[in-house]
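Look at the two complexes coming up: subunit A is in both, with subunit B in one and subunit C in the other.
Moving on to the complex of A and B:
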């Protein structure tokens, strides 16, 4: 079988079938390669697109990148329905089956340990936005009557702004504390800018929570309940995702340091 | 097809998934394994130039005033260190006031 091996994920063998129509990157169906007690899920992809040079060029093309990212995520999503996959980063490509096996052999211990840790868990994404206020976009009514009036308006607007930020950060902090105590683990990601997300408002919290499947319904309800708590704020939930944000070995810094700092 | 455990219906995924959410995960999270095709995603100009604007950097976040996790001792080890440093400085200052002669000798 010629062509390169694009690997999506590593998981334990699963019994349910994937959707028969499922296609991955390059429109290719996902296949499985078993090695000891592990499975690599991959597609055979053409060298003309996935060898180093063409791949590098493709990655500079936002349309290609978006399509490939969605296809990658589509396979991970399908796997999440039937098992607990360990998702690999986009564009992990091997020469042939033998190279893929060698990688699985050398990483076997890590894969097994991490799969054990994540077994039966999914990731939920929670974002908080400060809703754009109509005043932000509309010009203030009328021209300032005087220099003093102008300064007064500026002061008011700065104070409003500060107040809104304070409200938003307090709300985000409270929400994160509540959700973290419910979830098994959590990660804070950088806020997303509007440029790509296309979401209205300013993103002030972008977090991921690791939650057992069995507790997910309750977690979703917990998030839902907060939605009306803070006027001017919008809470967005995404998931269930494969545990993308929790594949690393490091534990949450916050819980890690519960033992206390060694003060002088 | 049986599913292991009950899962609520997907939120915000499928066709309507935010591209930023997907890119954030497939490019920035997940297991890093060096394959045979050596591509360092950080070397890709589009990714470094455009996507770093897309997923705002921590510095950018600070600039926008989003830094609540840094100042909350319950969430940030840095905040806890800062708090200790502040306490230390305060104690030194009080010590210096109480023992003016001594701190001058030391100086």
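Moving on to the complex of A and C:
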């Protein structure tokens, strides 16, 4: 079988079949490769698009990136229905089956340990935004009457912003502490840039929480209850996700060092 | 709250996970793609692309 192996996830063998119509990246169906007590879920993809150089070029193309990310997520979602997958990072590509087996062999212990830890768990994403205030979007009422008036306005505005910022980080810190104590594990992602997300307001918390599937409803209620606690803040929940942010010692340490974790 | 509303997953939330999360495998046997530099490159591309189409309606808060 020629072509490269694009791997989505590693998991334990599962009984139920995946949807028969499921397609992954490059429109290719997901296949399974069994090695000892593990399976890798992968698609055979063409070298012309997935060899290192064309892949790098493609990843610069937003449409291609979006399409590939969604196809990857589609397979992970389908796997989540039948098992607990350990998702691999986007665009993990192997030369052939033998290279894939070698990797599974060398990481067998880590995969088994991590799959045990994640079994039956899902990830929830929680984001906190400072809502844009009306005066941020409207033109200021009239021109300043004088230099002194101008400075007064500037000072007020700077103080307002500082106050809002402090309130927001305190709220985000409290929320993160509450949710962390409920969840088994948590990770802070970098706050999302507004240009990137297109979301209104400034993102001050972008966190992921690992929660047993059976406790999810309660977790969602917990998030929901906090929503009305702080005027001027918006709380957004995403999920349930496969445990992308909790794949363990092999992920970036830098996801732990962000801002927003300044709660009491 | 009984029903969890599911909208289409936002690309930016997906990329947070697919480019900063997931198991990173490196080594001679893989075509090594997943690293931090790449994330930066992609997000820059993404930002400029989003900016072209959807200018942010809000000024910076800080």
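Assorted remarks:
Here, the second predicted complex is superposed on the first by the 249 of 264 C-alpha atoms of A that agree within 3 Å, B and C clash if a C-alpha of one lies under 4 Å from a C-alpha of the other, contacts with A are read in each partner's own complex, and residues count from 1 in each chain.
Everything below uses one rule, namely that a contact is a pair of C-beta atoms (placed from the backbone, for glycine too) under 8 Å apart; a residue touches a chain by one contact, two chains touch by 3 or more.
As the structure is a prediction and not an experimental result, all values here were calculated from the model.
Once the complexes are laid over each other on subunit A, subunit B and subunit C cannot both fit and instead clash.
Of the two partner chains placed by superposition, A:36 touches none, neither subunit B nor subunit C. Applying the stated contact rule after C-alpha superposition, one finds that A:82 touches subunit B and leaves subunit C untouched. Touch criterion met: A:173 reaches subunit B, while subunit C stays clear of it. When the shared chain is aligned, subunit B comes close enough to touch A:122, but subunit C does not.
Contacts of A:65 after superposition: both subunit B and subunit C are touched. By the touch criterion defined above, A:132 lies against subunit C but remains apart from subunit B after alignment on the C-alpha atoms of chain A. By the document's definition of touching, of the two partners only subunit C reaches A:164; subunit B does not. In the superposed pair of complexes, A:113 makes contact with neither subunit B nor subunit C. In the overlay built on the shared chain, the residue A:155 is in contact with neither subunit B nor subunit C. It is stretch 25-33 of subunit B, out of 25-33, 79-87 or 97-105, that runs into subunit C when the two complexes are superposed.
Overlaid on A, the two complexes show subunit B and subunit C touching the same residues of subunit A, namely 4, 10, 50-52, 55-56, 59-62, 65-66, 69-70, 72-73, 86-95, 99, 103, 107, 114, 125, 165, 189-190, 192-193, 195-198, 202, 220, 237-238, 241, 244-245, 247, 254. On the subunit B side of its complex with subunit A, the touching residues are 1-8, 10-13, 17-27, 29-33, 35-39, 41, 43-47, 50-51, 53-58, 60-61, 64-66, 68-69, 72, 74-77, 80-81, 84, 88. The touching residues of subunit A, when paired with subunit B in their complex, are 4, 7, 10, 16-17, 50-52, 55-56, 59-62, 65-66, 69-70, 72-73, 77, 81-84, 86-95, 99, 103, 107, 114, 120, 122, 125, 165, 169-170, 172-173, 176-177, 188-193, 195-199, 202-204, 212-214, 216-217, 220, 236-241, 244-245, 247, 253-254, 257, 261, 263-264. Against subunit C, the residues of subunit A that register as touching in their complex are 4, 10, 50-52, 55-56, 59-62, 65-66, 69-70, 72-73, 86-95, 99, 102-103, 107, 114, 123, 125, 130, 132, 136-137, 161, 164-165, 187, 189-190, 192-198, 200-202, 206, 208, 220-221, 224, 237-238, 241, 244-248, 250-252, 254-255. Residues 1, 4, 9-25, 27, 29-34, 36, 38, 41-43, 45-47, 49-51, 54, 56-59, 61-62 of subunit C are the ones that touch subunit A when the two sit in their complex.
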